[in-house]
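For clarity, chains are labelled A, B, C, D and E in written order, and residue numbers in each chain start from 1.
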Amino acid sequence: MTFERVIGSVAFAALLASPISAQTLRYATVSEPPSLDIQMGTATLASTIGQHMFETLYAFDASAKPQPFLATGETISDDEKTITITLRDGVTFHDGSAMSAEDVVASLERWSEFGSRGKLLGLESAEATGPLEVTLTLSAPNGAWKSMMAYPNGGPVIYPAEVASAAGGDAISPENYIGTGPYKFGEIRPNRYVELVRFDDYAKVDAPLDGESGGREALFEKLQFIPVPDVGTRMSGVQAGDYDYAEYISGDLYGLVKDDPSVQVKISAAPIFGLMFMNSEAGPLKDNYALRRAILASLNMEQALQVSVGEPELFKADGAFFPEGNVWYNEAGTDAYSEGDADKARALATEAGYDGTPIKLLVSTNYKEHFDQATVFTRQLADAGINVQMVVVDWATLLTLRGQPTEWDMFMTHHGAIPDPVLLTVMNDSYPGWWKSDEKHALAEKFTGTSDLETREAAWADIQSLIYEQVPVVKVGNVYSFDIASPGLTTPWDGAPAFPHFWGASK
Amino acid sequence: MTAPVLSVSDLVVSAGPKFDIVRGVSFDIAPGEILGLVGESGCGKSMTSLAAMGLLPSGIRVSGGSIQLNGTDIIRLAPHQRVQRGCGRMAMVFQEPMTSLNPVLRIGEQIQEAVRVHDRAASPPARARELLDMVRIPDATHQLRAYPHELSGGMRQRVMIAIALACRPAVLIADEPTTALDVTVQRQVLGLIRELCDSLDMGVLFITHDLGVVAQLADRVAVMYAGGLVETGDVVPLFAAPRHPYTAGLMACLPDPNSDDPMLATIPGSAPRPNEIKQGCPFAPRCSRVDDICRRGAVPITFNDSGQAARCHFPLTCEAPE
Amino acid sequence: MFRYVIRRTGAAILTLVAASIVIFGFIHMIPGDPVYVMLGDGATPEQVAALRTRLGLDEPLVLQYLIWAGNALQGDLGQSVFFETPVTQVIADGAETSILLATMTMVWIVGFGIPVGVLAAIRQGRWIDQGLSGLAMLLASVPTFWVGLYLILIFAAGLGWFPSSGFPSIFDEGGLSNLRYLILPSIALAAPNAALILRLTRASMLDVAREDYVRTARAKGIKPYRVVTRHILRNALLAVVSAFGFTFAALISEAVVTETVFALPGVGRTVVQSILRRDYPVIQGVILVIVCLYLVINLLVDLSYRMLDPRVELE
Amino acid sequence: MSELVLDIRNLRKVYRVKRGGQNREIRAVDDISLAVRPGETLGIVGESGCGKSSLARAIMGLTRADEGEVLLNGTNLLTLDRHALARARLHIRMVFQDPYASLDPRRSVGDSVAEAGDIHGIFKDRAERAQRVGEALDRVGLGARFADRFPHELSGGQRQRVGIARAILPEPKLVIADEPVSALDVSIQAQVLNLLGELKARLGLTLMFISHDLSVVAKISDRVAVLYMGRVVEIAPARPLFRDPRHPYTALLIQAIPRPDPSTRITGAIDPDEPPSRFARLEGCPFNDRCPRRTALCATDAPALREIEPQRFVSCHHA
Amino acid sequence: MTAHLISLTRQFAMRPLTTLGAAFLVLVVLSAVFAPLIAPFPPDAIDPVNRLLPPGGAHLMGTDHFGRDTFSRVVYGARLALLIGVGVVSFSLASGVPIGVLSALYPRLGRVLMRMVDVLMSFPSLLLALGLIVILGQGVFNAILAIGLIYLTTTARIVYGVALRLRAEPYVEAARSMGAGTWWVVTRHILPNMISPLMVQASFVFAFAQLGAAALDFLGLGAPPDVPSWGNMLAESRIYITRASWLLLWPGMMIVLTAFSLNLVGDWLRDRMDPRFRDVVRK
């Protein structure tokens, strides 16, 4: 027997010998998940996995509108500072105990005290005003409160009161991953997988599934989230049937999979977008808005997106911070977006008194898109006579360095889809870049001071214009990442949500 | 005269085209006879012996002549092929007792291995003990379990001889077997070889650079210079009256503590390397009796009455009248 | 023998202590802060400070080292900052993959490198030797990840004979058939090392073949095959065995890359990931364990060498 | 009595090795006292491991002696500081055994010959250096033209001549020749021995000649010291020693020399009788095991070296 | 001299593969030196429209995902390969030789130094390099240091072995018997006689430095990714392996061929070398 035939038959026999269970969903993740304590961290992967275990009082429906979920409804006082929420009856935690108002109060208190997103709510107090009734008091009206309550990323998921109060500001450890979701925690094996198993006593909402809201149903016995950092490997793994679902497939691979019958392509419904922050605290860009506009004018986002993403279906050079169709979408200020005009930029730079001082652009290699975009920008800026030096570091170092104002002038990052502009990082004064001009503060006050949607929309449009005027950050463009799934996998959604969820999914 | 067990004639060994290391060497060895092959380093004596054993290193080969063991031509046969063809009764002892035994195998294993190859009838352990007794190693049973590094040089050389005897050799080739040993030990090993030669009636080709050893051990002597034999003869007449100037020169070089002359006789210059040998007599450049004829053409062999052969145009005549 | 083991073990422990100081010192020189990485984008300085205190990163370095070393002696390598599980568990989780990978790789190395090296040596100078030696040198000149990528391209993506990546435990579904996941990675990993062993085997075979005692063996009239197996190979393997410690170190290094390419849940990838995540305790623990293992393997290699070679006295 | 060139007093060099878990001693040089007079050749002879090379190395300071004195013209070399010792080495030179390995393959003959002078800066200028090197090479019969050659271009005999030229260039008080001819062929050996004899006569060289070959030593030496297991067993003028050895070991040694004389044939085997292990015997005569004349006394008391007649010293109870 | 040249030529003729290897190395050096003349495009010229073009046409080896000309980048990559090689070799020799020589000359110091070398050697080499990079930060110079440190240990070991042997050489003994000091022995005898083993070691270090640098680049911790190095090209192109596999082919081939050629030349040097040192230099 020839060598090839031996190898071939061994491999074939081996393949036959390993049926992959139809009861397990194998999800190839881009990396190892950090802590799944959703309240504390904003890591995407933690939300993707955690949302199957932990649930929020509200949940977005298919049209991105918050709907009651663990709650059944609420009443709001006239001054918009007091909110009374009634809870759904019969919800049980994975440890068998019933969810009560105390659990909700403890969870919300922890979230608002320690959670990075929770602080933005401005919760003054939460009280159990009945076995299934919670009353929240806000320090100021917050128009975004319900969205914030529904947003699973760094959001107010409900833990048992003991767990929430015992953990305080620390991350909850895996043995205390107790939630109300359709799946409960199984085990974490580092570098191998995180496993969730079906929660048989799940209290399903008695309504059809609608986006994230409605009746969630666990059709798989287990969910396994398997870290597969190499994108090629994630893709070939799905093609070979090793995984049912793989997230974050590189844009450049789109051409290979879009017509491949062995995979289904799930383009993201929620674009992420690249951001290049400018340093408002120190350095040559500190308050030189003119120079910043010169930089903006030299950038051609089409090129950057083409290089970093590749497939035209997967990106859109759009200056608006929210995608078209979203309530927050507007075009204010976006004329200045992606001009790619080297001459204009050069003129602006001269006008701004730019003397050729090197501008340090901090970028990490861990995200290929950041690096690709930075490379293109560097080249475009050089064409406009603006001297940019790339400082290439790994992501961990970048996170450290960007906290030190003297170490950088610009840095590359990206931003995920969010339900409300208040969650934009650039809106946070303490986020590296430290944009806190008076104009910003004035507009921000207008924006958060009311829950009237129209007023808030208008204020947001002004903020967006201000961003294009003071350029604290440059938006690169919308990137529609795509995931792939095995052909047999059916999901209740077409476009992949920001945090793909698998209740109601089967294969 | 008995028939020779080993007969080498016109042996030529080459390391390449026009690069002869051994140039037409001929000699016979009779059973029970020790032939001393003597010469300085690089004269080709070791290559002659390796050619006879079929152990020439790669790149060096026999390019002419014949080697016959009991009348069978064994030229170009490696030892194991000789065993297969039933003409393997020839063995060799090498110069370096320190490196010639496999360091990771016990003495007994190494001897038994040789026994198994040659002597299927014998019980290897018994035969191994017998062989050790033959080479007079005391406490044979214990020594069989020893590793080579646990033995002294003299003992190792005895083990080497025991291994050689395993094939009940008709001819034993000993290539400078005592050069690495101290004189007192050398004497013992030489005595052993003499005794075994006599008792087993083997022919021995004893290779050495030491004229003293040859004089005391060999029955006949062959003197080699620059790849060829210059003189052969029985040991007594040869030492009494060497005929070739080189042989005579060598003898004169030996320091004689009993002589009063503070100076030693010398042979000027040094031996040519194989690739430097020119036409004519290779010793001509160093010879005190050289004449034009020596630098041209082949040199004839001449014999005297006692059968002493010399390859010289002007052999030394005996002082005694002919 | 016993004294020798004691002495060598003592030396190994000294090395280990020195190495542990190096490991500890190095890692604390690394810029970048695990706390930031852990807490993510929106961390506040208070959170950072709190976490740092909790991890003991505020203590003086010497104290931190002593605590760490003391705990390590008791088998406690600390908590992974990232996974929030004991480091020992993180290592144990990667151990299965890495051990199986190393074992399979060694099988290729020994099964391919030594016989082929022997073949090349006994055919020294012939075309087969020149071909094999050339091939060996070529393999030794190829980056493992490059081989890995092309193996994936050809045998996984192209022919589909083997899975491209990952490795489910053999204790999970699929059982031993899961070993097929390791075939390509182990081949990629074995290639350069097998090439080195091949060259080493060939070279030491040729060296030994020049030894006087091999000539003695031939003079005995032993068949060439027996001369090779009994006299040459056995002595030549001594040199090869002593190279296994070195091979092991090379394996670990290259496993780091190989496990990354093939997305294997092994210790090597854990290290790389942990370096990127600044997960100090995991880096420290893994490297300490690797160094320990290296020292133990070297000790075993030395001991077996000494047992195979009677010339060396065990004292 | 003329002043001694070299006076070795109670020199001792012990190597300690671990064997089987025990510390064992090898007494390489065991309480040796020897003197070399100006212009004489002192031969040192003995079998391998008898300590003759250790003795040379200890005198040269290549290994550190454990005890004793090495007086060169009255100065104890063993107590000199580094610089003084370095300079003293100009006066005491060595010829090595292996003519192939003792010349640096990357240095020309001239550089090798001049090396001692270069080290100590004894040449005023390049011209003097070239002249001195030329002279030295002339003296050993090579000629100044060899100065530019490299060792690989020379034959063994020529290299050993270079070795000798190197030793005599600084005009030393003493030359120690450690087995200078044992690696050479007989015909070349005679040339080198003659050269040494010639230099001795012409330059008044004082020589310590070390060899395992008693016939060579006896030929070239004025006096001979026989070493056994790190001790001197007999010292005597060469000819008397050779003709009439008084120590049984010397007799054994002389008897074992293969003579180019077919009348003294080897006729049969002798049972093995080898030098004992090099580990020190703690008591008795070191030759006790092999000695044909041994008595009970020999097993317990080590004999001292005593003068049994003028100029003849023997360390044997029964001499 | 001519005779030397002729014999050299003959030796090369005997080993055609080595000759090819040497020729390839000359080619690499030439491309490094004359990169601007050879490369048809600047190595960093971006042309997103013409990205991922297959080989052919204006782009001999195709283009990468930035639309940069792969051939030009391969040519410029030779510069970094050379820089890394020369840097690592210099560093490892400059540090390994003194350590090895000193250890051999002063056994007491040697025990300490060699123990330290042992400690370094007990770390898997790539992890050691990774660790250093993470401490020192990313950059060509730091990559050289990190890889150089790995080969410092092997070089020190080899130098130690060679120096030990040389120290015991009779001619060194002879010099010491003349009162030569350590400095004299080292500069006149030990170092000159160490040249050939060092050359062999240097060629192997040069070869393995290529592989080490490629591995670092591949893990994203080698030369900054904007530098056109072969390893970076591999790292960048790796996700296009199924779509544009030629992108991995060219730089990969360059790394393999460079390392292979260096190994061939090193082998040839070693075979020419004094056999006494062969087993020291062979690892």
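Note that in this section contacts are C-beta pairs under 8 Å (C-beta built on N, C-alpha and C of every residue); 3 or more make two chains touch, one makes a residue touch a chain.
This is a predicted model, so every value here is computed, not measured.
*Asks:* What's the fewest number of moves from subunit A to subunit E, given that each move must go to a chain touching the current one?
*Replies:* The fewest steps needed to get from subunit A to subunit E is 1.
*Asks:* Pick the pair with more C-beta contacts: B-C or C-E?
*Replies:* More contacting C-beta pairs are found at C-E.
*Asks:* Quick one: report the Å distance separating subunit A from subunit C, using the average Cα coordinate of each chain.
*Replies:* 39
*Asks:* Using mean CA coordinates as chain centres, what's the gap between subunit D and subunit E in Å?
*Replies:* Going by mean C-alpha positions, subunit D sits 49 Å from subunit E.
*Asks:* I'd like the Å distance between the centres of subunit C and subunit D, where a centre is the mean of that chain's Cα atoms.
*Replies:* About 54 Å, centre to centre.
*Asks:* Measuring centre to centre with CA averages, how many angstrom lie between subunit A and subunit B?
*Replies:* From the centre of subunit A to the centre of subunit B is 91 Å.
*Asks:* Could you pull out the residues of subunit E that touch at least 2 other chains?
*Replies:* If we look for residues of subunit E contacting two or more partner chains, we find 137, 238, 241-242.
*Asks:* Which positions in subunit A are in touch with at least two other chains?
*Replies:* Correct list: 230, 232, 236, 366, 394, 397.
*Asks:* Mark out which residues of subunit C touch at least two other chains, giving numbers and ranges.
*Replies:* In subunit C, residues 31-32, 152, 157, 260 touch at least two other chains, as defined above.
*Asks:* Given the complex with subunit E, which residues does subunit D contribute to the contact?
*Replies:* 60-62, 85-90, 93-94, 96-98, 101-107, 112, 115-116, 119-120, 163, 166
*Asks:* How about subunit C: which of its residues touch subunit E in the complex?
*Replies:* On the subunit C side, the touching residues are 14-15, 18-19, 22, 26-27, 29-32, 134, 137-138, 140-146, 149-150, 152-153, 157, 196, 200, 203, 207, 243, 246, 249-250, 252-254, 256-257, 260, 271-272, 275, 283, 287, 290-291, 294-295, 298.
*Asks:* Can you tell me which positions in subunit E touch subunit D when the two form their complex?
*Replies:* Touch list, subunit E to subunit D: 169-181, 184, 188-189, 192-193.
*Asks:* Show which residues of subunit D lie in contact with subunit B when the two form their complex.
*Replies:* Going through subunit D, the ones touching subunit B are 47-48, 155-158, 185-191, 193-194, 197-198, 201, 212-216, 218-220, 238-239, 242-243, 252-253, 255-262, 264-275.
*Asks:* Report the residues of subunit C in contact with subunit A in the complex, numbered from low to high.
*Replies:* It is residues 31-34, 36-44, 47, 50, 54, 80, 82-85, 89-90, 93-94, 97, 152, 156-157, 160-166, 168-169, 173-175, 177-180, 183, 260-263, 265-266, 269-270, 273, 276-278 of subunit C that touch subunit A.
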